[in-house]
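Chain lettering (A, B, C and D) follows the sequence in which the chains are written, and residue indices restart at 1 in each chain.
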Amino acid sequence: MNKIIAEVSIIPLGAGTSISWLVAEAVKVLQESGLKYQLTSMGTIIEGPWGEVMDTIQEMHEKVFQSGALRVSTSLKIDDRRDGKEVSMERKVKAVEEKLS
Amino acid sequence: MNKIIAEVSIIPLGAGTSISWLVAEAVKVLQESGLKYQLTSMGTIIEGPWGEVMDTIQEMHEKVFQSGALRVSTSLKIDDRRDGKEVSMERKVKAVEEKLS
Amino acid sequence: MNKIIAEVSIIPLGAGTSISWLVAEAVKVLQESGLKYQLTSMGTIIEGPWGEVMDTIQEMHEKVFQSGALRVSTSLKIDDRRDGKEVSMERKVKAVEEKLS
Amino acid sequence: MNKIIAEVSIIPLGAGTSISWLVAEAVKVLQESGLKYQLTSMGTIIEGPWGEVMDTIQEMHEKVFQSGALRVSTSLKIDDRRDGKEVSMERKVKAVEEKLS
């Protein structure tokens, strides 16, 4: 099964400027999915098959509404590589770091 | 059924610098979906229910691989509003334009 | 002078869910710049040299703070092409549309 | 001086599917800037004042052309917060993680 790497950023509107608690609600949904992920200061990176990743992102987005948001702006970037190179979050960072030293 | 407005941008890698023919292949898939859309110089804006929009974006993304790309970077931004205000591509632009004049 | 095409989307946080008046304040700044632009339902597309475009985006971003926002999330995508093909917002859309018919 | 947190992703077109060496060239420019940054599998997060961050991103973008790319798609997301809360890459991640446990 082909794996993608996706970065998602969920911005609730109308919920004030301190939104980390809403982001945390979405991340709890992600944790229950069992998918591999990494939190960064600008989003959440998720690794897995397209269907599982997208279903989980939809659940995360819904959770932010259920937690009180009235408008949500969700951004998503997908890297999908099928040229035979193995894909993982770690390998992508390592590939750049090796060329820096 | 709640409608979202989504903007999608699909960038094929390893297919040279002239990629409009690959974008056109993806847009043909979108046209067959029957969803309302608008082409812009930086992406394609689609309006519809989450499930239909996302399924269509997956098909567009797959089509770019089937047309020869070996790696695809797909970006997506979703605006989902549930505060009772009616949502459409036209209304969003009009809401800003009215405040400019 | 090399021209870029940039799409900018400015999201004010802590300003409620109806933000078109804040977007309009930013667009007024853009109008004063004299740069070519197009409003879409998901952002604003701007055409011009890097320096002018970026200075204008900074002024738009600042304007949203001056108008009352306390936190602003600004997204930007730049298409910069230097392979000899002429670049413009209209040509990019036309290049795709020609391949659809 | 107000600090922003920005995430930048630079995609060279017409340079094949293995682009980590081009990303590494851009990161070398960033390292020379002295700005605080973090590499992730989907982009590079940079912290600093608007002017310094943007000048560095322009240099990174130019470097990718100088290294051989003919077209470059650069995406950027800026988080700018002026509600009195201290801003840093670490604090943003910590704020979410504290609410998860």
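As a convention for this text, a contact is a pair of C-beta atoms (placed from the backbone, for glycine too) under 8 Å apart; a residue touches a chain by one contact, two chains touch by 3 or more.
The structure presented is a predicted model; accordingly, all values stated were derived computationally and were not measured.
Among the pairs C-D and B-C, the greater number of C-beta contacts is found at B-C. Using the average of C-alpha coordinates as each chain's centre, A ends up farthest from chain C.
With centres defined as mean CA coordinates, chain D is found 25 Å away from chain B. Work out the mean CA point of chain C and of chain D, and you get 19 Å between them. Chain centres here are Cα averages; for chain B and chain C they lie 18 Å apart. Chain B has residues 14, 17, 70-71, 73, 75, 77, 79, 81, 83 in contact with two or more other chains. Taken as a contact graph, with one node per protein chain and an edge wherever two chains touch, the assembly is complete, since every chain touches every other chain.
Taken together, the chain C residues at the contact with chain B in this complex read 5, 7, 9, 17-18, 20-21, 23-24, 27-28, 31, 38-43, 45, 75, 77, 79, 81, 83, 85, 88-90, 92-93, 95-97, 99-100.
Note for the complex: chain B touches chain A at residues 14, 50, 54, 58, 61, 65, 70-83.
For chain A in complex with chain C, the touching residues are 11, 13-14, 16-17, 19, 70-71, 73, 75.
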